[in-house]
Every structure is written in C-alpha cells, then in structure tokens.
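Shown below is the structure under consideration.
Going in written order, the chains are labelled A, B, C and D, and every chain counts its residues from 1.
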Amino acid sequence: MAGNSFGEIFKITTFGESHGPAIGVVIDGVPPNLPLNESDIQFELNRRRPGQSVITTQRQEADTAHILSGVLAGRTTGTPLAILINNTDQQTRDYEALKNIFRPGHADFGYQTKFGIRDYRGGGRSSGRETACRVAAGAIAKKILRNHNINIIAYTLAIGDITAKKIDLATIEKNPVRCPDPEAALLMAQKIEIARNQQNSLGGIIQAVAHGCPAGLGDPVFDKLNACLAHAVMSIGGVSGVEFGDGFAAAARHGLEQNDKFYMDGDKVRTMTNHAGGILGGISTGADIILRVAFKPTASISQPQQSVTVDGKDTSVEIHGRHDPCICPRAVVVVEAMIAVTILDRLLIQKIIRESPASV
Amino acid sequence: MAGNSFGEIFKITTFGESHGPAIGVVIDGVPPNLPLNESDIQFELNRRRPGQSVITTQRQEADTAHILSGVLAGRTTGTPLAILINNTDQQTRDYEALKNIFRPGHADFGYQTKFGIRDYRGGGRSSGRETACRVAAGAIAKKILRNHNINIIAYTLAIGDITAKKIDLATIEKNPVRCPDPEAALLMAQKIEIARNQQNSLGGIIQAVAHGCPAGLGDPVFDKLNACLAHAVMSIGGVSGVEFGDGFAAAARHGLEQNDKFYMDGDKVRTMTNHAGGILGGISTGADIILRVAFKPTASISQPQQSVTVDGKDTSVEIHGRHDPCICPRAVVVVEAMIAVTILDRLLIQKIIRESPASV
Amino acid sequence: MAGNSFGEIFKITTFGESHGPAIGVVIDGVPPNLPLNESDIQFELNRRRPGQSVITTQRQEADTAHILSGVLAGRTTGTPLAILINNTDQQTRDYEALKNIFRPGHADFGYQTKFGIRDYRGGGRSSGRETACRVAAGAIAKKILRNHNINIIAYTLAIGDITAKKIDLATIEKNPVRCPDPEAALLMAQKIEIARNQQNSLGGIIQAVAHGCPAGLGDPVFDKLNACLAHAVMSIGGVSGVEFGDGFAAAARHGLEQNDKFYMDGDKVRTMTNHAGGILGGISTGADIILRVAFKPTASISQPQQSVTVDGKDTSVEIHGRHDPCICPRAVVVVEAMIAVTILDRLLIQKIIRESPASV
Amino acid sequence: MAGNSFGEIFKITTFGESHGPAIGVVIDGVPPNLPLNESDIQFELNRRRPGQSVITTQRQEADTAHILSGVLAGRTTGTPLAILINNTDQQTRDYEALKNIFRPGHADFGYQTKFGIRDYRGGGRSSGRETACRVAAGAIAKKILRNHNINIIAYTLAIGDITAKKIDLATIEKNPVRCPDPEAALLMAQKIEIARNQQNSLGGIIQAVAHGCPAGLGDPVFDKLNACLAHAVMSIGGVSGVEFGDGFAAAARHGLEQNDKFYMDGDKVRTMTNHAGGILGGISTGADIILRVAFKPTASISQPQQSVTVDGKDTSVEIHGRHDPCICPRAVVVVEAMIAVTILDRLLIQKIIRESPASV
C-alpha cells in the first residue's frame, strides 16, 4: 500500500534513507536450501557501487552487505532474509542549503505535499541510494534464475545522442558506461565528461535481455509479464519510458510484418522473428525477452535553476552534492535486478499452476 | 496472484471469456453514498462497444451493464459492486478451425503452455472482450474523479505512419478513430480501411492526459504513480510501450533543458514546462499527467501465416473471425479506464496519509 | 482491504446482498484441468440451502449455481471461475418496518456508522445469505482436497446446553441438526423447536476435523495455519470463539501432559496424542486438525427488544422475517467450506516452497 | 504469502532468528509527522524483555531498539520505519544436542517437513523471541491509538487452575504475572515456581480490552474486526483458542438474553450489556472490545520426553535451554501489541471510507 514492497511470492521490502544510518531489504519467500553467502550479493553491489569510475558520483560507499537472518551454515532456510547496508559517507552539510527549497526535477515537492514532511538530506527516501537494496535482492534472484539457465543482462544502449551500433556482450563490463559497443562507449564516456564539466547531465537508454525464460511465465489480464516488468523498471527513479520488442516502432507497422510466425524446431515451438520481445498476450513464449528503458538526464545539476521555497517564495538553486552526471552506467545493474526479481516471482507463481494438485 | 485483480483500495476483479455466457467485474472499495446507476456505466461501454463504426469489428454486442450488488436506491453502499455483461453474439464456429493451432501474435501458445489447457474460442480469457469490464469499472472511477475535478482524456495520436498534427479535444468523439486532428483522422480512417481490404492490420499510439490531479499522488519506491500507470496500461492487450512526458526523447537530452523549473503562481507551486509529464520521483506535481501508449498492429489477420499446431506440426493459418483492423479507436476508452482506476486508487490511498491520525 | 476477498492463491471474492438480484463469487487461482460441473457445487449448496427442514428458516431459495466463466467442456481452464446464485424469494416488505431501526445483535448499527448508508433489506451484505458464496467456493476446494485424500467434516457438537456424547460420523447427515450423536440430535431438535415457539433462538458449537492433511502446511509467524483458520471461521457471522485441539482446556494444564510425544510408525512420524489439534508452531503435523467454533444465538428474534432508531430515538423492535432459530445445522456446511478454502490455499503455497527452484 | 507480514495499511514485516545476529521489523504505512523516538519503543520492549523476574526465562537480552529509518528529527516521515534489535545472549551450545531431534510441542517437525531445512538453534524463526518485533511495532501502534483515546490493556486472567477473581487494572504491572487480582497473582506466581521446580510448565488465559474504539471499525465479510483480531492473536506461538465477549459461553444461551439491547445515552448509541464484546457483524460498536486468549503450557520442559530424530529413529529428549515456565506474564505485552496493530490498521482503512471522495 505504502509502496515499499514489490513481488508476490519472492517479495522484497526495502527501507532506509540516503543519509540515515543504514538502508536494507527484507526478502520474504526466498526458496529454502539455496547455497548463499554475502559474496553472492556483494558482487552485484560492487557493480552498482558509487565512486567506481570518474564518470559516476564521487560519494564513497563500500556498500557492504550484512545478512542478518534467513541463512544457516551457508544455506537459506525459507525464512525472511534481511540484508543491511550501512551508510558511511553521508555529507549532510551539502543539503542544509537545500532544506527549504524544492529541487527541479526531483521528488522534493511531491514528498512535501504528500507527507507534509520530508527528509531533505540527499533526497531521503527518494534517493537513488535506495536502489542498492534492489540490487542486493536482485543478486539472489539472479542466482536462482541462473540455476534455471535464465540469464539477465542489461547494458547502456544510448547516452544522449550516441547509440551503440553493435552488441558485443563481452565488452559491457570492460568500459565505464557498460555499453556493448566499445567505440560508442568511448564517445559516451567523453560526452558524460563534457556534460559534467559543463555542470550539466545526460539521459540515456538501457536495453535488457532475459535469455532462457521458459514459455508460460506471466499471468492473464492484469499481471501480464510485460505489465509486471513495466511496473518494475518504471519504479526506478528517472525512468521516463519502457518498451518491449519493437516497442513504439511497432505502432507504425502492419500486422503481417509484425506478427512473429511460429515454426517447429525439433519438438520446440519457436518464432521466426522476435518483434514481440518474447512476450505474447502477457505470457512468455520462450524467446528472448527484450526491453528498453529510457532514463531522463540526472536532475541534480550545479548550474543555477529557478525554483521555489517550501514556504512559497521564488528563488534560485544550485545543487552542489556529488551526483552521477548520467545515471545509466550504474542503473544497468538496477534494471537487471528489477527484471530478475520480477521474472523469478512469476516463475515461482508458475510452480503452483503447473504443479497444481487439481488433476491428481 | 493469478492476475485477475488490479488496485489496492479501489480493487477490480474481472472474469469471463469471449465466448462464455457472460463477462463481469467485481469492484471492492467503492466509496459509499456515490450516486450511481447503470447509465453511468453504459455511457462508457457504448464508447468501447464493438460494431460502432465501419472500421471496427462487426461483432454486435449491446454490452449492457447489469449492476447486481452494492447499490441501493441509486447510491453505492460501500459493499462490492458486481457488474455483469452478457455475451450475445458469439460465433464459436469461427474458431473451431483454430482449436489446435497457435495463432501468430496471440496468447494461444502462452496460455496452452502455462495452463496445459486453453479456451480457444475467440481467444477465451485473452480476448480484448475482457476490456469491457475494465471500462465498466473505469466509468465509476471517472465519475468519482470528476467529483474531484480530475478529468482523464485519451485519443489516437498516430495510426501507422500518420500522426495528429494538432490537438483539438472537441473533435475527438466526432471521428471514428478518436483523433483530435480532424484532417489526420480522415487519413487514418482511410488507412485503416485499406489495411482491412488488404487483409492486414495496423498499430498506433494513444496519448492520454489526466488533468486536475492534485500534487502528492503516488507512493515511494515501488508504487510510484508512473510505475502503477505503466502496469495499468501495459496490461492492455497489444501494448508494446509506454512513456511519460517527453519519454524516450528525454533520454537524448541534457538536464538543464529537461528539468521543469518551479515558480509561484499566486500561492500555487507550478512548473514552467512539463517535460516530466506531471510526475516527479513517482509523485504527481499537479501538472497534467501525460503518457503515450504504443499498440502493435492487431494480431488477427486473414492472410495465410505460417504457424504450428498444438501437437507440434508446422501448418498455415488464416484467421477469419471478426476483428478490429486497428485497435486504437476503441482502445482509447480502455486506456482512459485503466488510468482512472489507477489514479483513483492512489487518491484513496492518499486519504489515509493526509487524514492520518498521527498528529491528532 | 474492503474485506470481500479471502485467500492468497486460491482467492475468493464474494458479492451480493440478501435482497438484491443475485449473489456470487469469483474464484481466482483455481488450478487448471480440474473436472468440474455445476452439480459439484450444487451438492454443497443444497446442504446449506434454507428451508431444508422445519428447524431452519422457511425462506425458499433453490440456490442454483450458474458457472459463468473459467470452465471449458467440463474442465477448469485456470482463469477465474465466476459463480452466480440468483435471489428469488426476497420478501423485502418484511424489512420496511426495520428500515430506521438498529436490530440488537445485528450489524445494522456498525454498517450505518461505517458507511453512512446501509442496505436494510434482510441485513443486506451482512446477511448470512452471503455464506452461500463461501459454500460454492468451498465445494471446489473440497473436491481438490479430496484428490489429495484430505477430507473435511464438521458437525454440531452442542446446541444450547445439550452436547453430543458420541461421534458417529455416519449419522451426521441423517438428522436435521447435523449432530454425530443421534440421541443428542433428537434432544437438540426438540430444544430448537421450543426456542422457536418461544420466539427465541439458540447458540451452539460446531466441531470440525480435517483428516489427511500432510505435515508442513501453514506459514511462519503471521500466517500460521491456525491463525489463518481462525481468521476464516471467525469471519462467519455469529461466531464468538474458536479453539484448536484442547483449546481453552489446555490453559489449565501442565506441559508434560499437554505435549504430544512423537514416535515412529514405520517411516512416518506420528504423535501419541493429539492435544495440539494437528498444528504445532503454526504448521500442520499430519495429525487430524481439530477445531471448535462457538456460535452465539441467532440475533433475530420476534419478541420485543429495546433498541434505537437511526435518528437517535429509543424504541422497541420485533423482528418478524424468516430466520433460523439456531444457525448451527446450516453453518456446519459453511465452516467446512471456510476450512477447505484455507487449507487448499496453504497447500498451494506449499507447492512453491517444496517444488522451489533454488536447489536445482 | 510466506507469512512474515501482517496488516494492510500499517503493515509490519518481521525477520530474524533466535540465535542469529539480530531480529527486526519493517513497518510500512506509519503515518507521517508522528513524534517518535526509541524510548517510546523501548518502554514496551522492556515489558516483554526476558529475564525480568524469577518466573521468566533467564536469558538476558537488553532488547535495545535501534531505529534505522523513517524518522527525521524526532518525527516520522511516512517512509518505512526499520527497527533493529541485536541478539546478544545466544547460547547456541544448548541446542547442539537438539540438532537432530524434534522437540515435542514445538514447530521443529513442521519446519523440517515444510522447508527441508531448519534453524535448530533455539527454535530459529519459530522462537518466541520473534515477538519482540511485534512488540516494537505495537508500541508505535499504541502511541497512535492513544492519540485517538483508544487504549489497549491485557492481563493474565488465569494460570493453570487459578483464575483472577477481580479486575483491578492498577495492580497489573505490580506483580510478575501481570494479573489484575493481587491475591490470585501471588498464587499464580507460586504455582509457576512449583512447575519450574518440577521441570514442568503451565498454560494460562490472557484477557484483553480495547477501550475507546469508535464504532465502525472492521470490514464486511472476511475482514470482520473479530476475524482480523483472531488472526492476529492466534499467530502468537502457543495460543490454542480465542473468544470474544461471552465467547464459548454464548453458545449455551438464548438470543433474548444474549442480545445487547441498544439505548440512547444523550446523542450516543450504547448497549445495555456487552455480551458481544464490542463487535457486531464484524464491526465495532463503540463498546469495549473484549477478548480472551488461551495459551497452552510452554512446550520446553526439561523432563525426559519420548520423541524421534530427524532421520526417523525413536529417542528421548530433555530440553535444557532457558525457558519461561509459563508464557503468559510476558505474552500479555505481545497480545496488546497484536491487538494494537490490528485496530490501528482498521482505523486507517476507515479513514478512506469515511473521508472518501464519492459524495463531494
């Protein structure tokens, strides 16, 4: 209801503010007997960690995951898994000047209106820092999915007006923007540097692929797999659009060219094309699930912007905290996490349906 | 869990198949004492009704709404409102030939794999007919929202490669494609006719605006207003993408141009632009909420397409039922309904927060 | 939220008022491929039906179940099953006199205060008539559970001060009070007749047993099997208490005598006694699940009672509609239904846990 | 789904095992702007704390509450409140001997069967230690309810065969059993001492009263206030029964004596008696809500008991950890907490209904 939980079976509940003592996540519905230790989670947290390159925020957080419950001797027990991440490098003084000002492009005004109070320190609950908790949960989801030969990979497809021209997955983690096209990656990194030097910021597009999903995931009508995935990724701060398969381009097409025709590949049903992005009628088809997520430019910029105060006066504001000039390189990890949590949830729901006791 | 409910406070649960005896919706959480009668619902159902013009399916359904509960002497009582819509013009014989074939672009294969059984008659549960129930619920949500001066309006922005060049809301209901640009509307209608004559189909884009929403709607982290709206509209069959405000175009921008600056308009906080589409950090700002929804071309076309049978053989299929060559003109009403249900739900949740007993 | 749904996987949503056109239930999460037809449901509805004997209400309702969706050619499809039961014998004139009076022992005052409006005709939504929908859903749950060799049986243990002295399950359906002790049954029936002739009513206790439940059902902490069952049966109108195993008597005992000791019966773990009623720590042990449900006397009696009017005046009221002088004989069927729905729900949840993909 | 959350608006999710590093609770839906600090929570935790008297377990835990999020400068912000309680006095060696044995009367067998793995250290997740988290959440709920003049008080009504003969609320916290009858309290304490000396344990009954609840709380059909409260208290370990108002005694009565007649007290509707325990048709009437909760004797006793091993062999077991010989004195605080959380949740839900926008 209050919005801090996601998922039905594999259900995550996150808590914590950017400048509070800690953030964390409670995951209920973790399957029992899963080998798990903190390094499984740390690996993904390190990918999302601030300060990992010159083009990300310079806030330094180790983002060390502490598992508080739900694991005994390296195996999950089926009880809730609580993961705690302490905040260590808060610089609250950066935000004192912003205490009474609504930052343009930020949630400040909405939170103040909604709750009549807001934690102004680093955006409080609306900070991107909260996504570390999603990544921690996503690390576990990804591990379980890999046991099912389902792999989720995301990458930066575009930054500003620069778009990857080829997709070489092996190169993604080798450049700071996480772009699968090394040449485009160079241009993107330069563009981000320039934006930062100009006290400006950039948007971008992340593409994600879930490979190996069995057919049959997703539920009729309101919990279609694409609807759940759209909910999942649109809940990441700064996302302004999501599309599946051919997405908006499909709107300009005719049915005959757009429909993915079926054929038999041995005893497997396959489609000759994948315009639909692996989902038909809200249910996975077994083809790659493909989506693109648009991110608007980072709202925090240090140029003066016109704004207003909490008590209703016009003012000007410059935002001098530490920020990512472009969120995409780190958001790649968050997009993967949200997709993993969503697909695992639907995979577990499907367990009930196909293993159901009706016909025994 | 099984996917047939949507909403938390104003919660709708739909049931029914395209060729069963009836479809319907149960709405729990309808505020009490709302003046309501069947004509309030019928008005919106008539807008969505099949057979209303030459460019829609020729299936004839009166789509008469019967209220079975929750209303006493023209007022809601706070108990669940059940609305029944009988099916009257099923032509199941159209589908006998398709009983053992997976139609390309449809949910057939997914449902069969998911459940091990499927109602092949007109797509069964995955039929667009199910959206009549959404429209019935949406009619009530829209009525309540209007009491709050919140109005939701959607229209066809593009069909195939034709895009509206101007937005004249007064003209929307005056042309069969529900386009706010009369000239574009003519071209669109022609294009749809041609597609049908060529046994083909077309996609399109619907734009929607929610006007009058107070600031503060939507909830932190996972239930951001845009995340809930994306879930809502992506759950409509045939949707391939959704974007808010500048959407995918924002990904190519810099922060300084993209941020909507705040200013005081008397005692109201307003933004000088609305690139964000009325939502910041997942919370409404009071500006118009603007989104665009991409629809792929109708999957049902009567040209031969390669496909496979349920028992794993390659085949060819022609789909000869009655279909909309382009779903957008009728889907406009469904998009409005889903947005209305979503916004009303968040409005009711906000009642708890702002009327909360904490500070008494 | 608004209270008209129950269950998580096998989820029922009921609607309808006592004197509206119809009542009904939507069941989401019905496992696919279950052979099902209306007679499966009708059998249980007939057991609950009003007017079945001289000691029940004389309202005559056929309570015919109409399946509107979710079944194709005698098998469930996995989509929601809607069941409609038309009301046919409403005598609304009986209630005109009660329109402005709060009946003692009834929900009238609560509903009026809660909603600011209430359907006064036969109690509206708060009528026991609503339980027909639970019985319809329970019929399906019981059928699925029988496929798992789980049987649920309830019976009248006590009426007023008369208590069954023996439990002969074969006799339950052979007497109108559904008591497993034929001699006590005779006395109970006489006592109910006397109460009715005296324009009075009686309470009673129903005992229920779920036989054949596997160990491992129920979930830690808040969704313990006994907690869910208590919720389920306490939601039936007129219930004033519920206890499991030795129940309140256990409070007066010592641990040594109360603990059920374990022993091996071949390769099965069993308990030497069953003081706990088949549930330990909220999880089923495989022993019979035993509970008792106390029902207060029917609130509707035709003797004059002091009361107040909706507009705040003292008054006196006599209730002359048709009522059960004791609800237990018919409530037996409702208790069984709620237990069945609850246990099936937890059985389906357990499918996820034990069939979970973690350790693959 | 997995059972570790409770509530709909004021929603608590607990985590942690008896012998893990910490336990905790995340509370979503805390109303904003509530003055709150750790001492508000600590007060109630201290009441539940182990080792507080000679008749409780000698495990020493400070049970210090750490608020990790959701509070800024002494006020709640509307975002999730996470409370952490570190475990400090685990003696895991006590449990090594029990690693492969199912303790009679405990959840061990159920958890092992359910999950295929279990944390054997002190009962793991099924330990009563988990209830500290409920008490922490309950402390906040009670504070909010007090702002509404709603007070919840529970006490030990009976221990073994000794029952309080009078109710003097002022004496409850003055004796170690929390009994409102000082003379009975003395006898109860003696009886507990004797049980402990005999390596045995005792059950008891707790009575609770919610005073000041407005009429109109609770929701129709499945979420009746008594159903939700029954769920809440039955989810506490060791509870074997719950009854409201006259409870099981009502089953032996006639309607005329049982019905609480209404009368006007100035402009307030009141009942002349309170046999119903403040709830009619599942909705509060404004009278005191009264319930009794039966606790079976503590399962852990150090006398030898017959049992079985995890690998299916008969054995004998003595349980030598530190335990409460009777759980009631400390469970009083847990019962209050669960009632508070439940009533607050329904109070918040009622905000939506009565402040609803329908009739604007």
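The rule is simple: contacts are C-beta pairs under 8 Å (C-beta built on N, C-alpha and C of every residue); 3 or more make two chains touch, one makes a residue touch a chain.
Worth saying up front: this structure is predicted, and the values here are computed from it rather than measured.
In terms of the distance between Cα centroids, subunit C is separated most widely from A. Centroid to centroid, with C-alpha atoms defining each point, subunit B and subunit D lie 45 Å apart. Centres computed as Cα averages put subunit A at a distance of 26 Å from subunit B. Residue numbers of subunit D whose C-beta contacts span two or more other chains: 1-5, 8-9, 14, 29, 32-33, 76, 78-79, 114-116, 125, 220, 349, 352-353. If touching chains are joined by edges, the resulting network of the protein chains shown connects every chain directly with every other.
Only residues 1-6, 8-9, 14, 102, 104-111, 113-116, 123, 125-126, 130, 158, 160-161, 195, 200-205, 214-224, 226-232, 234-235, 237, 239-248, 250-256, 258-264, 267, 269, 271-272, 275-277, 279-285, 294-301, 303, 305-308, 312-314, 349-350, 352-354 of subunit B touch subunit A when the two sit together in their complex. Those residues of subunit A that touch subunit D in the complex are listed here as 1-5, 8-9, 11, 13-17, 20-24, 26, 28-29, 32-33, 66, 68-70, 72, 75-82, 84, 114-119, 121, 124-125.
Residues 1, 9, 29-34, 76, 78-79, 144, 147-148, 220, 347-349, 351-353, 355-360 of subunit B touch subunit D in their complex.
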